[in-house]
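Pasting the structures in now, so scroll down.
Paired with chain B in one complex and with chain C in the other, chain A is shared by the two complexes that follow.
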Partner chain A sequence: MTTKKAFAPRELISENRPTLWMAPLLAVVTLFYLYPAFEVLRFSITNASLQAPDYEYTLNTFVSVLSDSVLYKVLRITAIFVVASVVLQLLLGLMIAVAVNRARARRLPGMVFMRSVILSAWVMPGVVIGIVWAIIFNEASYGLANLLLAPVGLGDVAWLSDPNLALMSIVIANVWRGTAFSMILQYAGLQSIPDELYEAAEVDGASALQSFWHITIPQLRPILMINIILITISTLNTFDMILPLTGGGPGQATEVLALHTYNVIFREYSLAGGAVLAVIMLAISLTLTLAYRRLLRSEEAL
Partner chain B sequence: MRSRKTQRRIGDVLTYLVFAVALVFFGGPLLWVLSLSIRTPQEVYITSLRLIPESPTLENYVEVLISAQFSVFLLNSLKLSVAGSVGAVLVAAPAAYAFSRLDFRGNNTLLIGVLALQMISPLVVIIPLYRYFARLNLLDSHFSTAMVYIAILVPLATWMLKGFFDGIPPALDEAAMVDGCTRFGAFLRVTLPLILPGLTSVFVLTAILAWGEFIVPYILLSQPSLLPISIGILNFQGNYAETSTQVVAAGGVLAMLPAIATFVILQRFIVRALTSGAIKG
Partner chain C sequence: MRRWVVRSAGLAVVVAVVGIVYGCGGGGGVLTLDRIGREDAPKTMTLQLNNSYTHQNSVTPSWADGFERLFTKFAEEHPDWKFELEIIPANQTTQEQARLLEEARVGRAPDCANVDSFVVAQFIEQGALKPIDQYFTKEEINGLFPFVRDVVVGDDGKMYAYWWATDVRVLYRRTDLVPEAPRTWDELIEYAKAAEQKDSKVDGYLFNGGRWEGTTFDNLAHFWSQGGELVDAEGKPIFGEEPNRTYMLNELNFLKETVDSGASPQRVATITNYTEFESAAQAQEVAMFQGGDFEYPPLKESLPPEEFDKYEVSLLPTMNASDPQKTGTGGWTMGSFSDDPEKVKMCMEFTKDVYIGEGNEVTGQLPTSPELFDTLDKFQAPIYDKFNEALKYGEARPGVPVYPKISEELQIAIGTVLTEEATPEEALDKAYKASLAAYEGQ
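And now, the complex of A and B:
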């Protein structure tokens, strides 16, 4: 502190200024976020490899990654994975939240148990979720998914080794994992809707379905939007669950952007190529954060 | 009046229908894995939905804990999660206090900046850190791994703690300052104890997130004796999956149990932390 005085006026380190309070946070942010982000940007314009210490600055890596058809295949798979997961998590989460909220209002038993079971799926490590679903989607006839479908007479389904089914399977596993978060958000949102709105609607003779469309949905809109952004980001960053489930396969059928980035760096040893992909990931997160900020602002303005 | 009542009854039936479907979808896989974990190898291959095996056994758990070193992995996970969440709360608490109490230029922008960090994939951060740590000889170290855990948990912790500080009237710490406390003294003796439930929430939630953390230890640690459970179980699945589903299932149950047990016991705190962080901002 005393050494700082030489170049910082006394009031900068006064306890009524944020400097000292923020110092640990700023140190962590600089070392573990700003410096790495800068390095990722720098490596993206080199030809660095994970194995060789030397590299040169060049834009060739950027050009070759962006012109490689693999990137577009990966982006398409990522988009399907994210959109399907987000839509299903949102709808299922909302449905369960409405049921839980209704059970609370009507004092029906079983609500806390219900919530605990769903949240259990969410608190589990992602790798374990992948392992659980690898067991469920076991393609032999003793796998749970096949056992359940046996009466339908489809025979043994190739849940994880058929490219299209594999993508659907990772979506199912991800919906299983993430629905709890949407449910909790929507439930909190439902509780913040004033009861008077529903009472007024009831007096006016509105049906339950009508109040849902004309009161619940518009009132929930800001939270639904925030929810969409948050789960989009967490789905984009998903990587752990997919490894034990499909490993990105068959072929590259379930290789999403995060997994692809990992593979380019640690399997192909292309640090520069991975850095270009990381820059793309950063750009997506940044865009979504800006959208989130706008939403929070407009909500405050209300 | 009558139709209202029938409508209510239909509503109740629908509510329980949603509950039933959700219970089967979310609880079913857990029960199935639990059931597999207490089966003998022969009973894995039966094609029936029966959950309780004819001759239940704990053999698989013994094998996983002792020969597969799961006890070591579990202990490593515990160390890393506690270090990560304690560290994150220590770094985040003073910053969150400043965001909540001090009026300074750029307060809002900085806070949004912290939020933006939370959106960054740990993968992006870990790529350059891997190279950096390799040069400093910090790979395969719990210390450096825990530092990165702290860094990853700090944005969420700051954001949530700020929400909890906002819930305490500033008049309380100002009163302590009038009575002769410094601001830091008031923070330590008045404000922090008041948000103790909030601190607990943040601690529990970050510890659970750290328990599941994957990319960071996957890249920074390779020595088997240092691996947390998330990596240990992945390697284990790679070696065992084909031959012994029941052992992998037992490993899965052991890996999920601490997180689920913590959550069920402290559920109240977690639900509060989640909603305060995401909604109130």
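And now, the complex of A and C:
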């Protein structure tokens, strides 16, 4: 004869039945993440506009956006912007992290202050950064960059009015902004590398460069991958800095995908068009993330 | 005992701080950061305003003081009403107008709001704005400038918004470098180059050429003065069809010529705000620029008197000397979205007491009727005769749904022409094709 177990409400939220205690979290995620994402996907298959109350379900918006030649120009500009920003942020972040790490190891003064100064660029709102760099790159004689370059005979650079240089200028501004985050991640990664590895390498007669290449980089690989994923997604979503800096101009020379999406929604009032572009951005971000993760896994397998 | 004393003292401090903050916030007063009127007023309505036109304007303290005085006076004279304020930052007005359209579409717009003059027509078409002509006399409505009535009066003859402040684009020039006002485009280029010969530090002619609404808006004057029309009566873009195509090509070629000839530097393709002209004026590095009337007060304030006295204002030059000197006019209106007639009435009373006349005096922004030019003290200086004259040739942007897309495409067209990425023909064809596609998709 089996005895009936007494009901214990605590068991509803035990480790074997996590549903109830996860419910609040699921509710928040559904309301603030899944539902908005679903709405974006839904709007992308309509012809919804901010100017008309009614809309229909249709794939015409997708067709129209994908067949617009401007999209491919914008994608090309975005690709250049993202690749250049990611590579430079990664490299500069690593250089600064290594330098700060070495300085810390040697107990040089001022490293906390140095890290704070570098981080201050990262905490500044994007709009402020755009305004600041617009002042720096101003092509008038009182523009800061040209003013500093004038003594060496280079005071006439068309930072923002030349289409190619304008793209380079927004990369510079974005790298200035994002290097701090990259530096912080890699600095944390450097902290976690055991000193014994370097000591062993030194005993084996390895040079600084060999230690860096054969110890530092492999040990940092997971952090580097996470770094690449995060700054790629962040750069792909950047428009707040570009809007005050160039507005996407001259012409469309610096109109990246995020800014193009903003323009489609708030200047053309096309909700559906903006949603399609948001879906494209999501697809790009997901594809890159999966590609990076696969790369990381295959290197770990090796 | 000691712990009890410390806790009591801490509680007293907290109560005192809360009381001070509450008092400073005007909890019992008629004006706070988010409210006009007494907290316990029986009637409430929502009011959305641009930050510039409120007591929270941090950029221009004199405006903030003026609106604080006007809001307080209004609240004291209407003790039964409480306005819940939503303040829109200056750099967000564009997307806020888009959001207001969305809110109006779903019936969640504020009861009373600032509405940009060039989107009023879209709100009228949606049926979102409520008619307000019963709150104004026929003389008051007919006394508005024609370009104002064209925008705020619907096809049914009713007025849907009150356009209380406007602006106008004119040509500023340094008379020591450019003694005579150019009347034609050729004269403008000739005088600009001559000015650069006199002073090599100076740019002959600056204008908005970057990627923003000002670029399209300012330069449309060159198109309108030839008789050009952007859209037809149904709102369909026609600027790419003759004769408008020729007019637009003339405008693009003129702008290209200013850079090709050296009259303007290529950096005009990066100018996205009017303060750039003021900076150039302060640096004494500009001979002429196309700017707004609103630049006159800050120029007067920032330049030494002997420098400021060199400047004169004239109407914009045109392609031919016989063309009318059209100019773009913008500005903000007040409109009501409420279904409650009492709230619509109160919105207009607020508009009349705070913005019409008084608001113009506070801000120096141009009134929208010749009568106010004559009666308001602020506008008695001779310069305002010039602005008043310019307003007679004023042209507002077409308030059609496709205008924002046309503007975007023309900004791109002007930018690609100025940077030689495209010829005027290529740029215009692309802009027209994209605008038509957007119109057909609406």
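Miscellaneous remarks
Throughout what follows, the second predicted complex is superposed on the first by the 260 of 302 C-alpha atoms of A that agree within 3 Å, B and C clash if a C-alpha of one lies under 4 Å from a C-alpha of the other, contacts with A are read in each partner's own complex, and residues count from 1 in each chain.
The rule is simple: a contact is a pair of C-beta atoms (placed from the backbone, for glycine too) under 8 Å apart; a residue touches a chain by one contact, two chains touch by 3 or more.
Just so it is clear, the model here is predicted, and its values are computed rather than measured.
After superposition onto chain A, the modelled positions of chain B and chain C overlap sterically.
In the superposition on chain A, A:G251 makes contact with chain C only, not with chain B.
Taking chain A as the reference, the larger set of touched residues comes from B, when chain B and chain C are compared.
By the touch criterion defined above, A:G126 lies against chain B but remains apart from chain C after alignment on the C-alpha atoms of chain A. Contact with chain B, but none with chain C, is seen for A:F239 once the two complexes are overlaid on the shared chain.
When the two complexes are overlaid on their common chain A, residue A:S85 makes contact with neither chain B nor chain C. Legend: residue contacts after superposition of the two complexes on their common chain; A:N263 is shown touching chain C, with no touch to chain B. By the touch criterion defined above, A:A158 lies against chain C but remains apart from chain B after alignment on the C-alpha atoms of chain A.
Of the two partner chains placed by superposition, only chain C is touched by A:E139; chain B is not.
In the superposition on chain A, contact of A:V28 is made with chain B only, not with chain C.
Of the two partner chains placed by superposition, only chain B is touched by A:A150; chain C is not. With chain A used to align the two structures, chain B clashes with chain C at 57-65, while the other stretches in 3-11, 21-29, 39-47 or 57-65 stay clear. Common to the chain B-facing and chain C-facing surfaces of chain A are residues 50, 127, 138, 140-142, 244, 265-266.
For chain C in complex with chain A, the residues that touch the partner chain are 91, 94-95, 98, 101-102, 105-106, 122, 126, 201, 209-212, 265-270, 272, 276, 279-280, 283, 285, 401, 404-405, 407-408, 411-412, 415-416, 418-419, 421-422, 434, 437-438, 441-442.
If you check the complex, the residues on chain A that touch chain C are 47, 49-53, 64, 70, 127, 138-142, 158, 160-163, 166, 244, 246-253, 263, 265-270.
Every residue of chain B that touches chain A in the complex is listed here, in rising order: 7-8, 11-12, 14-16, 18-19, 22-23, 25-30, 32-33, 36, 44-49, 90-92, 94-95, 97-98, 102, 104, 107, 110, 112, 114-117, 119-129, 131-132, 147-148, 150-152, 154, 158, 182-184, 208, 211-215, 219, 229-231, 233-234, 237, 241, 245, 248-249, 251-252, 255-256, 259-260, 262-264, 267, 270-271, 274-275, 278-279, 281. On the side of chain A, the complex with chain B involves touching residues 15-18, 20-22, 24-25, 28-29, 31-33, 35-37, 39-40, 43, 50, 92, 95-96, 98-99, 102-103, 106, 108, 110, 112, 114-121, 123-128, 131-136, 138, 140-142, 144, 147-148, 150, 176, 179, 181, 184-185, 188-189, 207-208, 223, 226, 230, 233, 236-237, 239-240, 243-244, 258, 261-262, 265-266, 271, 274-275, 278, 281-282, 285-286, 288-289, 292-293, 296.
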